[in-house]
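Below, chain A partners chain B and then partners chain C, in two separate complexes.
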Partner chain A sequence: MSAAPPTIGGLERLKRRAFHKPLDGLVTLFVAALLAWLAWQAIDWGLLRAVWRAEDAALCREANAGACWSIIDARHRLILFGLYPFDEHWRSTSAAVAIIATVILSCIPWFWTARRLISLWIAGFATYYLLMEGSPLGLEQVTTDKWGGLSLVLFLFSSVVLLGMPMGLGLALMRRSRLPMLRWVASLLIDFIRSLPLLTTLFTAAVVVPILLPDWLQGDKIWRIIIAFSLFFACYQAEVFRGGFQAIPNGQYEAGKALGLGKWQSLGLIILPQVFRHALPATINMVVVTFKETAVVIIIGLFDLLASAQAAFGTGDWVAYYMETYIFVALIYWAFITSLGRYGEFLKDRMKQDDH
Partner chain B sequence: MLSWRDFRRMTAQEIAVQIGLVLLVLLVVFGAIRSAQVNLAALGITSGFSFLDRSTGWSYSFSLLERSIDDPYARTLLIGFLNTIFVGLISIVLATILGFVIGTMRDSKNLGLQVISSIYVQIFRNIPLILQVVFLYALLIHFPGPRQAHSVADAIFMSNRGIMVPNLSLPLNFVAGLVLGSVLLGIGAVRYAGSAKRALAIWLAGSVALIVAAVLLLTPDGQALVSYPELKGLRFEGGLTLSVEVVAMIVGIVLYGAAYIGEVVRGGLAEVPKGLREAGESLGLGSFAVWWTIRMPMALRSIIPPLGNQWIFIMKATTVGVAIGFSDLFYIVSTSITQSGQTLELIAILMGAFLLVNFALAQAVNWLNARLALKGYGA
Partner chain C sequence: MTMKRGWIAAAVAAASLSGIGTSAVAESATLKTVQERGTLLCSGHNGSYFGFVEVNDKNEWKGLDIDLCRALTVAILGDPDKNQIVPLSWAQRFPALQSGDVDVVIKATGWTMGRDTELGLQFSIPYFFGGAQLMVRKELGISSASELGGGTVCVAAGTTIERIVADHLKAENVEHTMVSFEKTAEVIGAYKAGRCDAYAAWGPSIAVLLANQFEDADSHVILEDKLSAEPIAAAMRQGDEDWVDIVNWMLAALIKAEELGVTSSNVDEMTANPPNPTVARLLGVDAGMGERLGLRDTWAREMITAMGNFAEIYDRNLGEGSPYKLERGLNNLWSNGGVLYTPILD
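Presenting the complex of A and B:
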């Protein structure tokens, strides 16, 4: 234990970090000026000179008009809900809220037992599906091809995580199995899928699988894509779990044996809880990446957030306002991804403290 | 690997599970073959690779080689493959350079550099790549036409047709030879120069000498050494035109990849023990010398493996080009599938190409890793 360093005042710390040497000071001032200029440009264009309401769209064409947020005002329903029937948009909204609530709730430590987490996700997913599809609740039926926009992104994301997580655990267990056949099949599948771009896997599911399966097995395109995406997620997640398994010392297995527990009991009661804990930061990272990667489904022909955004400025008078629309969509993605990522950082720090 | 003793130690149940799994895999494979035969027969498609000799009859946005719509499928697929490699390698090199700059800035003690680099990472890492690429593409195609093009010193022009830059008046095959020569020189330098610094110096000096010599000796008679783009009527002539698709692809992937590589570099630098930096400083080394001779060589050992993953990621990420019509291998394959119907063969080619490229990249990273390994550390 060394003596505490002398405390430094805020101003002194700023001076040391920003103006340590003359060159440091120059760089800091230059960066500050650059950021201030950029911020001013953004505020001036995006807030001060911006046109906000759909009725004022004509003002957007004036020479000194800034951002034309009228397009968002006029078209936000298309961007957020895609082709979902207009009168039923409340269902799409509540369904999206259900998924977001599920994600937020699963960030709370109280839910971190396998049983609670699984029930939570199944409940959230079922709420989503029942609201969106509608027929079991006696609402008007809306088929999956009408699902779009943000709700579709959330649907893809949550179903991929929900299906992919157990598949990943299964693959990880197979890969470290004592039985060579299980090991080989899992390794082959994992290495194969991981060397291919996600788009290739999804494209195969959308276009090639119908040729390889008899008619009665094909199902909707969206389900084929979700299953392929889950497989992709599972192959990466299996490697994350493998890292978690490697962190467990042999003594833990031997402890299970000494207590007289069977193989599966000691796996479920002793090993897996620790594996999940070790794998948690990397798992959250994987979940964040998955959210981001859902954006490629536009290429396979699903009507996701990006596709609905392109549709929003694709017609009539709105063609010129592509920038506003893309910024709006980028902000939505950014908000989701940054909050998930921040939470991951927070968790990592917390676990580091626990270890000490 | 698998000896008879392993089998003897297994219980009957364990053997049954394995046989069941193998049977399941075989069932899936044969079921797929069977229904493929049925489905293809119903569509009237003959399987096999003979379609590769047929001419395609369609055009696409970008090619490094001469092309026409009469090209056979084989050549068109080769062009797509070269486009993927081309964009992938350029993006890898540029993203790595930018990533090292960003990572070093994030690690620096200067507040200004820290703030701007972390803003960069927060923005570019947290927006989907495909969104960034289509956004860039939309920005670029809304540039003014060639007549009102933005110009930089009348040498570089930016218009909705792409970016025109001055170009050496060398024929394309000489340029390809130059690039190859420079790469070989780089590999040779890394192998035999002994230290990273000397390798870099040899490679830089050698490449510059090669280029100067080639320009002076090989430029065709009667042409200027450098050709500048010039507005002739409605279009530009001379110089090199970088099409909108290529620019959007490369810039998009580089900005995104550099944010990730920056984090890798920062992580690597953070793992170098603080005492090493202090030792360097107490020897009177300046901050650049500490970074270049002490921290970076140490950090590289932990940077290279995740950096290799990023390189493979970038190679795979070129497939998003299809969203803006860039003719990479994925684009060519998916267009070929719609046009020819030879789905299974084309998907096999696509997968095979990516497996090959990623395997080669992984081997290159392993080789680099082994070269850089500290003697006496690890296995």
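Presenting the complex of A and C:
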């Protein structure tokens, strides 16, 4: 509010903007009433008339009952952990926390050196894998087909971004290479993968590859999917990076040469930092889209957040409360994606400061 | 994992080399794989499918199809938990079977000609029949579709149900008006609002709906007559007839047990004192049940002890013991007015 010019008070401003003419006033009142009514409906249904506890599920069937959050109370462990064994949920929780912590820590500028980032990610992923799989730690073994829910989504997402980002950069560099062979291979791969829907790529990795490849090359389904998904991500990200490269004037390369820097030195010290800056908004966009696209894995039978949500209301007792379940899942997605978006804003601001 | 695929690849290769004519005593390659792996790989679902494949509050699989997988696991490995249920989407189930990700698909799967021939699958005897059914208000006092004369039937547009109902009522010479709606929710809305006398859909779906979306469930009734029957059966890879035998006899033993009155609670009694030679054979008191399939003689007894007979499995997942309360109807024994029967146990 402090930004408003001091001569015009809040009320005055409202009057000027919303009630300038009688028709304006009418429209304002109408829209405000409509919004208030909608908000009231939502609050009334979602909070006031809602049933909260699993024990009270019978109340949900009463005529004036609102949202039935009992399903979340009763089934949230299924939604969050999928098929992971019930008594071992602390492991899935800790593993998810480890991944989230890794992501948060690597967003802090202090970690932005190659060695720190790499050690951080290795530590984060090792923690996740050891906790989830369990057998190296002497815990009960849980095979990857039982991994599910939110911790699976987080793992898929961070593996894909982690593997896809360097692959994307590599492809972008190959595409700009002076060697025709490298350039040709990169363009072909990028154009090929980008011309296929994600679903086709994943279906091929999950279903067709086991028929074609010999056993020792197959690995678990989840790894095949992560690799295929990363490749998909990398091909798009390579184009994002390419845009970043194209924004850099030739003078920058020449300046590097003039300073006596070698090709890789000038790339690392002068070009890439600028490429990242140019590519940042599009990259954040890619990352957010990837987080949401992990939901596609439901089609190839991974028990992700959406699949476990569907399983949560997919039983006779709870089938009527799909709306509540989807709202719960939507809130989870919203929380993560908003955080990613806010972080992107922070990065942009920070890079602006660097410019001065 | 690699061991598993290795054996399956070997099994598939062996099966294709040896061709169709396997000798009478040949052991199933899939069975051998399962026994050496110590785990049976069954199909699950990427979510829930009412009554057939669901997940309970303890994050464990349950449902009719899951119980059949567990029964098969007991038959082969002696322990209902020695299986791995692989979550699969509908589209994925057959490729997953072909690639060896699962040993058998028990997943509300209809037996069709295309799947049997083009897809290279083999089906077991059907264990469930689901088809179009009608729901009406109790106050109409109707007990069969043929009494619907002059009534209005609501149905979702563009489904096979629409055609099936029309054909059936026409054949029965029942005069009626068909009202179709684009969405299922609209059909239900119209039925609830009294715009139609009957609601037509897939039987098990109506039961789920009735149990959960009707405040006055008691004042509606699902008519017993099924207007169509889709046989639901287990699917296996072509080329391992002995494996099909095992799955068939697993299902047959469950149904036979119901026919003979053997339940999970009286199985010990029956074993100690078999009332007739068939029961003695079924429960492994007399030899012959196991050897011919490459299993233990007591496999059926262990299976019934752990899982119950077919009636118990049905009641637990779809019938009285479940939220769905689905009548047996067609899925009853032939002697009780249904179509379930077994081959002869000699």
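One rule holds in what follows: the second predicted complex is superposed on the first by the 310 of 356 C-alpha atoms of A that agree within 3 Å, B and C clash if a C-alpha of one lies under 4 Å from a C-alpha of the other, contacts with A are read in each partner's own complex, and residues count from 1 in each chain.
Following the convention adopted for this analysis, a residue touches a chain if its C-beta (ideal position, glycine included) is under 8 Å from a C-beta of that chain, and two chains touch if they have at least 3 such contacts.
Given the structure is predicted, the values throughout are model-derived calculations rather than measurements.
Once the complexes are laid over each other on chain A, chain B and chain C cannot both fit and instead clash.
Applying the stated contact rule after C-alpha superposition, one finds that A:18 touches chain B and leaves chain C untouched.
When the two structures are aligned on the shared chain, A:36 is found in touch with neither chain B nor chain C. In the superposition on chain A, A:299 makes contact with both chain B and chain C.
When the shared chain is aligned, chain C comes close enough to touch A:86, but chain B does not.
Of the two partner chains, both chain B and chain C are touched by A:211. Of the two partner chains placed by superposition, A:259 touches none, neither chain B nor chain C. Once the two complexes are overlaid on the shared chain, A:145 sits against chain C while remaining clear of chain B.
When both complexes are overlaid on chain A, the residue A:77 reaches chain C alone and has no touch with chain B.
One listed stretch of chain C collides with chain B once both complexes sit on chain A; from 44-52, 62-70, 80-88 or 152-160, that stretch is 152-160.
Within chain A, the residues touching chain B in one complex and chain C in the other are 203, 207-208, 210-211, 298-299, 310. The part of chain A that touches chain B in the complex is made up of residues 14, 17-18, 20, 24, 27-32, 34-35, 178-182, 185, 192, 195-200, 203-204, 207-208, 210-214, 292-296, 298-299, 306, 310, 322-323, 326, 329-330, 333-334, 337-338, 341.
Residues of chain B that touch chain A in their complex: 1-2, 6, 10, 14, 17-19, 21-22, 25, 31-32, 35-36, 38-40, 109-113, 115-116, 119, 122-123, 126-132, 134-135, 138-139, 142, 312, 316-317, 319-320, 322-323, 330, 334, 337, 343-344, 347, 350-351, 354-355, 358-359. On the chain A side of its complex with chain C, the touching residues are 61, 63, 74-75, 77-78, 81-86, 143, 145, 148, 203, 206-208, 210-211, 215-216, 218-221, 298-303, 307-308, 310-317, 319-320. Against chain A, in their complex, chain C makes its touches with residues 1-2, 5-6, 9, 44-51, 54-61, 84, 86-89, 91-92, 95-96, 98-101, 208, 211-213, 215, 322-324.
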